[in-house]
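Have a look at the structure below before the remarks.
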Amino acid sequence: MKQHNIAILGASGYTGAELVRLIATHPGMTITALAADRKAGMAYGDVFPHLRHLDLPTLCRIEEIDFDAVDLVFCGLPHATSQLVIKALPDNVKVVDLSADFRLRDPAAYKKWYGNDHAALELQQTAVYGLTEVYRDQIRAARLVAGTGCNAITGLLPVLPLLRAGVIDPDEIIIDLATGVSGAGRSPKEGMLHSEVSEGFQAYAIASHRHLGEFDQEFSLAAGRPVTVSFTPHLLPQNRGILATIYVRGQAGDIHQTLVDQYQSEPFVTVLPFGQAPATRHVRGSNQCHIGVAADRRDGRAIVFSALDNLTKGSSGQAIQNANLMLGMPEETGLQLAPLFP
Amino acid sequence: MKQHNIAILGASGYTGAELVRLIATHPGMTITALAADRKAGMAYGDVFPHLRHLDLPTLCRIEEIDFDAVDLVFCGLPHATSQLVIKALPDNVKVVDLSADFRLRDPAAYKKWYGNDHAALELQQTAVYGLTEVYRDQIRAARLVAGTGCNAITGLLPVLPLLRAGVIDPDEIIIDLATGVSGAGRSPKEGMLHSEVSEGFQAYAIASHRHLGEFDQEFSLAAGRPVTVSFTPHLLPQNRGILATIYVRGQAGDIHQTLVDQYQSEPFVTVLPFGQAPATRHVRGSNQCHIGVAADRRDGRAIVFSALDNLTKGSSGQAIQNANLMLGMPEETGLQLAPLFP
Amino acid sequence: MKQHNIAILGASGYTGAELVRLIATHPGMTITALAADRKAGMAYGDVFPHLRHLDLPTLCRIEEIDFDAVDLVFCGLPHATSQLVIKALPDNVKVVDLSADFRLRDPAAYKKWYGNDHAALELQQTAVYGLTEVYRDQIRAARLVAGTGCNAITGLLPVLPLLRAGVIDPDEIIIDLATGVSGAGRSPKEGMLHSEVSEGFQAYAIASHRHLGEFDQEFSLAAGRPVTVSFTPHLLPQNRGILATIYVRGQAGDIHQTLVDQYQSEPFVTVLPFGQAPATRHVRGSNQCHIGVAADRRDGRAIVFSALDNLTKGSSGQAIQNANLMLGMPEETGLQLAPLFP
Amino acid sequence: MKQHNIAILGASGYTGAELVRLIATHPGMTITALAADRKAGMAYGDVFPHLRHLDLPTLCRIEEIDFDAVDLVFCGLPHATSQLVIKALPDNVKVVDLSADFRLRDPAAYKKWYGNDHAALELQQTAVYGLTEVYRDQIRAARLVAGTGCNAITGLLPVLPLLRAGVIDPDEIIIDLATGVSGAGRSPKEGMLHSEVSEGFQAYAIASHRHLGEFDQEFSLAAGRPVTVSFTPHLLPQNRGILATIYVRGQAGDIHQTLVDQYQSEPFVTVLPFGQAPATRHVRGSNQCHIGVAADRRDGRAIVFSALDNLTKGSSGQAIQNANLMLGMPEETGLQLAPLFP
């Protein structure tokens, strides 16, 4: 298969390591540069010893990269920084951004949720939202794709088709969600210590999580009217995995059928038989999303579940899925790895 | 302090061990008999090595116990068995039952949720539901108290005062809940193996969990009309702890104030400052329940949280709290242990 | 790549699921039969939902398999059963056995460690011990290969080259080892419940673990004289991974150099820089083994570490590595998956 | 019981919280001051929400404490700081130091292991090493007691009696040890994140751990000659608990009998029946130490196990045990809490 040259910016975080892990067995991508400013000069295997058996470039600074020889950049930098770096990249380079910088189309919404003015407004207007199952055609043609939030995609995949089909009430959507700790990244924080996380469960960012911006944008677009959902994320004592438990109004049977129809030929979304509940352990390390639907005991109400791995389908796997399209390869290339269980 | 003689039936399960752990430092209770039919003859420290330093009676069969010398029995047997054993106990013995057998007052409801006809209907009519904070006076006078379900109490404590005060809509209550695995007991089951549970999160018993019977009974009683809630439990990859995330309609400020007023002098229920979220790790191993209230971003909606330890406040600690009342001791006796963290 | 038809017997255990996971992306193997007597008739995705996205044969009984169409069988049955089943297979079928039945060459040693007489003595004499890095040439030509014990390989890989090179004292070897719980399999056992395993650490099978039989056989062969090691396994509160900490007598520098020389061109064994310690989390889900050497503070003593994933390099990955050789494919085929971290 | 006024310095760390947890049900201690410079002014329940139900003084700076009203200080400050603070305390105050500053009697040894010159040499000469089971009489009379290292005590309790009795070879002691992460404290470090620790196991500080200084001092004293042990600590994916697996030369039966005789009337040390292995989960949250002895399969060799909770018997529980003696209370006061399992 034709090799495409890949650079990863912000390669010292978990999403960077996940990109490297996946590209290690990708037949059409070759990593030619790994950048991480504060760790420039280090061997990648010293930063992530699980990848020490791979033959990889030494970590460098972004300005050391020869972008003429790069086909596509994965950008795993923090938001606000990401937009500045991407703005400065040469036009020939395609970009998949894993930060939040290009997810929201409306500059006001961006400022509302992230606090700062956007410094690359023109680019923002051209970016395509990286929800492959919805924006596949635009992604294929895009130069810049904005990876979704990992919580956001877990809610979007099951709910968007329901809004479009009109089988649920747009005013009565509650997304209760639990996520593993790897989503919080590798920077040391007291709240992410093993002693603080293990054997514990707790909500955070109640009614104020930034991924609400993505829900508002995409749900409203799908419904053709403003949609405001309730959203409560929780932190799980596990590393990987997100489970959304979504309370909706509508006929459970219709809801299930709508999702079955929508996703029957999707390679990475599986709708379980009616009444079955997905589990995070069954998608760990894979690009799979499992969706389940059950009837509530009250007629006209249903519960929709959605499970995926935040680092894979929620971030780096999704990024490769989009990059495959942007580079003209089959969408599944390099993403067939089965989940790791137990 | 006057010593009360205690027998524990079904002592080889986790709730039995938790009773022994708590009674070990209880100044007014002495364990005189520990029964577990299949392990009769074994030293208790061989069944639960963490308690081997205690001076305890050898495990025996129920029929070996001299109930004349027993003041109170904790009954930790499986439901259906429990009712038969308790029926046969002499009248002088007070009983706290930790099974589901005497929780539901309506025989039809019992049959609906547990499948079998009740074999001790007369006793069922006299049993007091063991929610101390609500039924304290009746418990003080009771001969038979039925401990609540561990999930049930986690939902009842925060919601009952709101229904009684009329500050929430009784038709719009969704209880999303996550529980640790110790609630499933010590019997080997594939689904409770470490390999199956750790690093995983999943809903179970969707819209069909037996504790719904308790919710229906108590919520309807409190509201003075039938109340039917939605309830989705999940299994957490941790041993102890339940967190309920409850979606309600009402003014968040009123809801918080109602709970603050209700629980300000309760020894084992703490209402957190407005907007704070409780965590299971902050109640582990204690008889404490932490309740939190936050506003949703949609006006007129709120999220109520409740955290407790399923084996302590959810079961054995609650049982001792009730037994203290039944035996004329201060309610807090022996239950002051602070949570274990980390 | 030419496809080889594969049957997996005992497919409902963790090693079976791990074989399926790995073969899912193996370019030269096609699964044509999955047998598990008690679950015959079930869809594989119902037994292991993490593999539900794969197109796999329904579970069947062994006698339903047409072995004429099978090139190689992976046999994941319990010991004692395994020898009977393999004995009955037609000669044309190559076999990799994952049980203990063909690991020990001496029938007396087999009976000593496993309790029963061997029922397939002739086959036992022809079986090759599946330690690829040592017996590669014999494996290539073998019809029956006996996969190593997962603890055994973790001790054998670092120690065998040292005995052969004569750089350590054969009478002073202590292997202290810790293993994840997935090695205990999927059958429900009280001791493997999450409540019993998590937050706990303990030795088991002290001085009596069956893998001692493999240590005795292989170490004595390598040293050319009887070698008797001390071996203490412990159970870790994690699913996958084995770490051996091995106390030896010899010059640490020589020991490190011997291992570097031995393994420099091995695809699946990495010797870390002197003084570095391997970690189970850095090999999880991969066929990699990481080896480290450090000097003790007492001259003439060293500590050797070895880490691998019990289900991959310790069992199913190793089995595929051997099958690749037996089927004439490159040894690394399908085994390049990078470890999953975090 | 007479109340003794207690101040805790460095109260915002895990050992501080563990002291508060234990003192919460201690009948003879009242906390009158809690100091933590960087968190001065905060409510203790905001730093450790699991203790929010307790009535505790607000965190203050050390210089705000009126030491005239304090009977005993627990000092949980970092080493090097601890010596300066303790030096400045008025003479009337008894001190239990939980840092490493006063553990080593030899200033040269202190400098060797900790790098800095000792700034309170005179105090150092008067400090008593806090191994209650050995130095009980001196502790009773001491003004300053130096709590042991948590790893150190886990090795010292089982080995010291064997050296004194001469039943093991002092030149052949290997201490292999595994510890939970709470011993690393609450300061954020990359290596202690949940994502890095869970599902992983690894040695650290090989042949160089500072607790070697304590082993050298106490083992040599007990043996009456220099004793140099090998010591390899490992990090466990769990919060609490240390297990030492100790390889010795001697007759296992003699070794077991020596330990049984030594500890038969100790309240906090239990020697298990011969051949049984202790587990960290059976001592969690308690002041208990469980010791086990097994024979190796090679005659003349034995394996000794020792398990305790690093934050309790390894640190704060031990500190209270010593403080009880210093304040003239029964040694067990307030330390009878049974372990928390599961």
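When the chains are written out, they are named A, B, C and D in that same order, and each has its own residue count from 1.
Keep in mind that, in the parts below, a contact is a pair of C-beta atoms (placed from the backbone, for glycine too) under 8 Å apart; a residue touches a chain by one contact, two chains touch by 3 or more.
Quick caveat, the model's predicted, so the values are computed rather than measured.
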By that same contact rule, can you tell me which chains touch chain A and chain B alike? C, D
Per mean C-alpha coordinates, the chain lying farthest from chain C is B
Weigh B-D against C-D on C-beta contact pairs and write down the one with more. C-D
In whole angstrom, what separates the CA-based centres of chain B and chain D? 36
In whole angstrom, the CA-centroid distance of chain A from chain D equals 45
Could you please state the distance in Å, as a whole number, between where the Cα atoms of chain C are centred and where those of chain D are centred? 40
Of all the residues in chain C, which ones touch at least 2 other chains? 14, 182, 195-196, 198-199, 237-240, 278-279, 281-282, 284, 342
Mind pulling up the chain B residues that touch chain D in the complex? 14, 17, 20-21, 24-25, 48-54, 182, 198-199, 239-240, 270, 278-279, 281-286, 288, 290, 336-342
Under the definition above, what is the set of chain C residues touching chain D in their complex? 174, 176, 178, 180, 195-196, 198-204, 206-208, 212, 228, 230, 232, 234, 236-241, 243, 245, 247, 275, 277-282, 284, 294-298, 301, 303, 305, 307, 342
Mind pulling up the chain B residues that touch chain C in the complex? 14, 181-182, 186-190, 192-199, 237-239
